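Chain lettering (A, B and C) follows the sequence in which the chains are written, and residue indices restart at 1 in each chain.
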Amino acid sequence: MNREIEQQSGFQFFSLRQKLLLFFVAFFCLMLLTAGYIALAHRGTADLLNTLLEENETLEKAAEKLHLLEHHTTNYLNTVSPENYELYRENYQELAELRDSGEVTTLTEFNELIGGILNNSEELVTRAENDQGYQQKYQNFIGQINIASRYLNNVINDNNRQANQIYAQSWSLINQMERYGLMMAALLALFSLIFLYIFTENITRPLYKIIDQSRKLAEGNFSLSPVQVETRDELNFIARAFNLMTAELEALFTELQEKLSLERELQQKQVENLRMKNLVKEAELKKLQSQINPHFLFNTLNSISQLAVLEDADRTGEMITKVAEHFRRNLKRAEELITVEEELESVQLYCDILKTRFGDTIEFEINYKDEVLLEEIPPLTIQPLVENAFVHGIKKSGSSAGRINITLEKKKGWLKIEVQDDGSGMKQELVDKILQQEEIGGLSNIRERLRLFYQRDDLLEIRGAAGEGTLVSIHIPLTGETNRSAGEEKN
Amino acid sequence: MKIWYPVKFRGILQSGSRKLTKFKKSRVLQELKLLQKLKVLPGLRDLAEGQIIFLLILIMVIVFSGTASFLPFRLLQGPVGKDSGSVRAEDFQAEEIFNPAELEIFSWWTAPGEREGLEYLINSFQEEYPEIEVVNAAVEGGAGVNAKDVLKIRLLRNIPPDTFQVHAGAELKDTFIAGDYLNPLTELWQEQGWQEVFPEKLTEMVRKKGEYYSLPVTAHRSNRLWYNKEMLADYGLQPPRTPDELLSTVKALAEKDEIPLALGSRNLWPITHLFETLLAALAEPEQFEALVRGERSWGSPEVERTLEIMQELLTHVNEDHASLSWHEACELILQREAALTVMGTWARGYFAARNASLDEDYGSVVLAGENQVFLLVVDTFAMPAATENQSFTRKWLEFISRREIQGKFTEILGAAPPRSDIKSEELISGTREDHLDLLNQQNLLPSIAHGAAAREVFVNALNQELNVFLYENDISGTLEELKLLAEIYLIP
Amino acid sequence: MKFSENISCKTLLPIILFLAVVLVFNYFMWQNYQKIQENLARFGDSNFFAGEALREEGVEHLKTTGAGAGRAGGSRTDISGDEGLRLAFITSGSEAERKLLREGAEQAAGSLGVELKFYHADPGGQMTPVDYLELAALADFDGVLLEGSAGELADRIDALAGELPVVTINSDFPDSSRLSYVGLNHHQAGFQIGRYLLENIAGTGGRIVLLSSRVEGEQALSSSEQLKIFGFQEALAGSGQVELLLHKEIRPDLLNISREINEIFAGHEVVAIFSMSEEITLLLEESAVLSRRDEDFFKIGYGSRASLHEELDRLNFDALIYRDSSQVGSQAVKEMTTILSRGSINLHTRVEMELLTDDRLAGEVVLDEPGN
């Protein structure tokens, strides 16, 4: 499993378990080491004492056996009996064994010493058996045994003194070792604490951070720094996984947001379309409402016109024809673009009508260049403007006299249509209302239709103040036709 | 917490007291009870298992190291050895029993030649006086060093021998007479008429303030050269008779890759012996005497010249001289391993004991300068003041002064007999010459190395200084030291 | 688990620190442990010394020539094997003396490849020098180096003649069958001191007092003291002043010594005092009995380099004689080895005596190196 992780992650994996194991092994080993050293040191002194005791025991045994030897030899010399000889021989053997055992290390001449005495005793025995004189030798022998046993006692005392001295010297060293050991144990404890602290820190800190970030994530805060984990263990994976998850979430969310905005846009468009349709429907409805069998109207008007002509009312007949045309134009489908030329014809018609009604008190002027004629604009764009200018501007002033200027200009892909009247002007309130689509009127309609056609809100401008006339301008973006009329300037 | 205890005991616990009685008062039972108690301790139940184990280990470690440290002191509770009583070893001291009918003769004649001579004397005396038990208290130890120490101590302690060997001259006078250790023998001298018999020079050496203190028995000549006749003949060399001749002969022999000069410096005095022989040959007799009396500076030119010649000679001696005694050096001559050696006439005694004969196996010439000096070494016998057997001593002295005895004795030793009424012609060749020179009394100089010229302490110091010179070859340094020694030891 | 490249500095540092601590700890513990082991290994025969196998002088045979060539002294004429010699070194003097002797002996033994066993007979202890001599014979030693002045020793040495070669140290038994003696030439020393004294006193005719120590139970003075007296007397006799000599034996007892000294001064007009014994010298100094006296007299002391060395600052003597004990020890071992390996006895085994005189004592005293 670890190897997989390693392969996946691309670095050496040092799991928590391994760390903990390593720590425990090290700790244990060190404790063992410390205790081991101290035990060893104490072992050494124990060995010393052991050696001392063994030595002294051997020496004491030897001294004892020497006394026995004296005793047995004397007995044998006195009686020369087999039993005594047995005893003597036994004692001799024991001493010989003791000598040959080589146990004694604090008395280098032990072998020779015992050997010498044994030889002497043997000599005495031989002499006694051969009936030779041994008195002097016997005296010597006794003296020698005495000396030897006193000497062995001396050695025992010396051994004790020596061991004491050595022990005393070692004692301070052992104390030192114990102190070191203690120090080491304290250090070890300290290190362990530090290690444990760091270890748990390394586990809890990332986790807390993850928790914290999760919370933030839940709150929707996606601008988070990734959780950093320096160790190479499972926590690292958790952190990385978490980071990954956060990143993915963030990406996901962004994606979603984009989708949503797209959808909203779509929705808006749909809404607008709907509204356009609504307006159009409205217009149509109006149209319908105002529709009174147009064909009947046209035909009737035409008949009236003809009648007028027959009755020599030419002017009337002409007027009626113009009105019929005006109505015909207004009732046409307003969804398709028409040429400016056509629209201007409508405008001219309307102007003519007005002129007829009000005489020469209203003046119209239309300025344009020929290049604009071929441009296409939505129908009933200019004519209602003029109508509006007349209604709100001139008529309202009460005098029914005024001037309306209509200007068309093509500039940089835009068609600017301006209708200027010198009437009473519109109140700002009204302007605002129109602009905010709260007033349903001709201007609003135009504005709305323009918006639906070109998706722009700013194509209609109304300028003016009360008493100073009104300037309504429409900017219509042009498409494609500009190539032809580029460079041409007419005025 | 579960306490683990061996499986078989679990059965015991469970089955109650019946099974416990089987084990009665075993230690096991006690341990089990302890375990039971542990199980019941309330606090432990609450601790976690791991903590319990840790605690136990800790306790064990502490206890372990604690007991390990206490243990030694409990054990070292004094020696365990048995005291076999205060009976000391028996004294093996032999008691001195002074046998009243005993004559203790103290000497250091233990070398070959000397030993035979002394034995001759004693045996002869014993024959004459069978009732007197003669004890030969000769002490071994080269050149009498040991013997002299023993003698001094005995004299000081007032337990002297009945008679002892002493060199005539300074040794006798400055050490023993001056210390009031001797009985004057003037009476005996007068009785025996010895003043007429011995040469004046000799009697001078045993006389102080008109009193005679000892009897001369030998007159050795110190300044002789002994050589291997064959070797010299082979090389066509004559035996040298003066220091310069000695030098040239030695050099000649050295070129032939032979060991020219044999020296046995083990006991040190042979070096001084060589020195004094050269000095006596190089210095005027008056100069020599002035030197030994401390009246002439030891930095004088003749001393320096002596050292120079010695230095040269010493480069041609046998390498193992430090381990050879004087007679082993003589042996080298006999064995033709070395050509020459300078030694007193006791070498003759050695050669005789080795059955070597003069002019065949060895040759001998006097080594002297322009003046045919005779470096005198006189052995005498004296009588300690505190001796109890004065009559015996007197008998002894009288005995050994007899012509025949003295003649034979000195013959064995190789010395010249001090008595003038022994005919020189009757003596063996070599000795004859010496005897004649002795009676001539011309240019008789006291030997330094053998106690005639100066006291023993001076000779000892001189021996040591010359030994240093042997190894360090520092002439000027040695001269300075000699001057110092003369100042300290030669009381004018 | 490979750690190589991927461990960060932060984890590496404490690990290294920890390892360093562990190593240091280990080192110290191991050092201590080693020291303890060394200490413990010293348990054994502390009186035993074995020289190295190297030998300065080869075991060459003397150029002895046939039987009958004889030697000047020496009753033992065998042994020259290549095996290590086993010698017993018996001492009976002061601790300091013993230490110096031992030092010199071990040095010589080391270069000669000889085994030494040291026996020390405490004056109040269970074993006497005679006992140790007996022991050495029993334990089959090749030779004995003996320092002791008890009278019984001479007899014991004689009894062991032929069995056990003995070389005496510091104190001699010249008429025993000991083979050689290593120490001062006491006769010469006594003479030299006598001469020196005579040069330094005004010749007022007052008494010259010789002090020696006499231990209870001892039959006579040691040979060394007797020879010193002999030499001293000889020196005085040379200038005819021997009647001035007064020899006093004093028990080496701190409580006693003031009384004894006062007695001497009460009965005689003292012009010089020569303390011939080391114990007496030290006692005189300790009790300051001499320095308290009003009379003007010349004081000479005697001792070994061991004991005097520590006291030199406050000694009130006009002159001091000391012998170099470590040289004695070293010479003794060499002498015995030569005797045993070559069968020849050297007599030039006298050790130098050093005389520290007034001017050297007054100023800063620097003892010569041993071997002078």
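Heads up, the rule we're going with is that a residue touches a chain if its C-beta (ideal position, glycine included) is under 8 Å from a C-beta of that chain, and two chains touch if they have at least 3 such contacts.
Keep in mind it's a predicted model, so treat the numbers as computed, not measured.
Asks: I need the chain pair with the most C-beta contacts, please.
Replies: Greatest count of contact pairs is found between chains B-C.
Asks: Measuring between Cα centroids, what's the chain most distant from chain B?
Replies: A
Asks: So, what's the distance in Å between the C-alpha centres of chain C and chain A?
Replies: 91
Asks: Rounded to a whole Å, what is the gap between the Cα centroids of chain A and chain B?
Replies: 106
Asks: Which integer distance in Å separates the CA centroid of chain B from that of chain C?
Replies: 20
Asks: I need the residues of chain C touching at least two other chains; which ones are they?
Replies: In chain C, residues 126, 131, 134 touch at least two other chains, as defined above.
Asks: Residues of chain A that touch two or more other chains: which are they?
Replies: Only 45, 48, 143, 147, 150, 153-154, 163, 174 qualify.
Asks: Hey, what residues on chain B touch two or more of the other chains?
Replies: Correct list: 88-89, 92.
Asks: Taking the touch rule as given, give the residues of chain B at its contact with chain A in the complex, in rising order.
Replies: Chain B residues touching chain A: 61, 64-65, 68-69, 71-72, 75-76, 78-84, 87-90, 92.
Asks: How about chain C: which of its residues touch chain B in the complex?
Replies: My answer: residues 62-65, 68-75, 126, 128, 130-131, 134, 151-152, 155-156, 159, 172, 174-175, 181, 185, 187-188, 191-192, 195, 220, 223, 226-227, 229-231, 233-235, 237-239, 242, 338, 342, 344-348, 350.
Asks: Touching residues of chain A toward chain C in the complex: what are they?
Replies: 11-12, 14, 18, 30, 33-34, 37, 40-41, 44-45, 47-48, 51-52, 105-109, 112-113, 115-117, 120, 143-144, 147-148, 150-151, 153-154, 158, 162-163, 166, 169-170, 173-174, 176-177, 180-181, 183-184, 187, 191, 194, 230, 232
Asks: Which stretch or stretches of chain A touch chain B in the complex?
Replies: 35, 38-39, 42-43, 45-46, 48-49, 53, 56-57, 59-60, 63-64, 67, 139, 142-143, 146-147, 149-150, 152-154, 156-157, 160, 163-164, 167, 174, 178
Asks: Taking the touch rule as given, give the residues of chain C at its contact with chain A in the complex, in rising order.
Replies: Contact set of chain C toward chain A: 1-3, 6, 8, 10, 14, 18, 21-22, 25-26, 28-30, 32-33, 35-37, 39-40, 42-48, 86, 115, 117, 125-127, 131, 134-135, 137-141.
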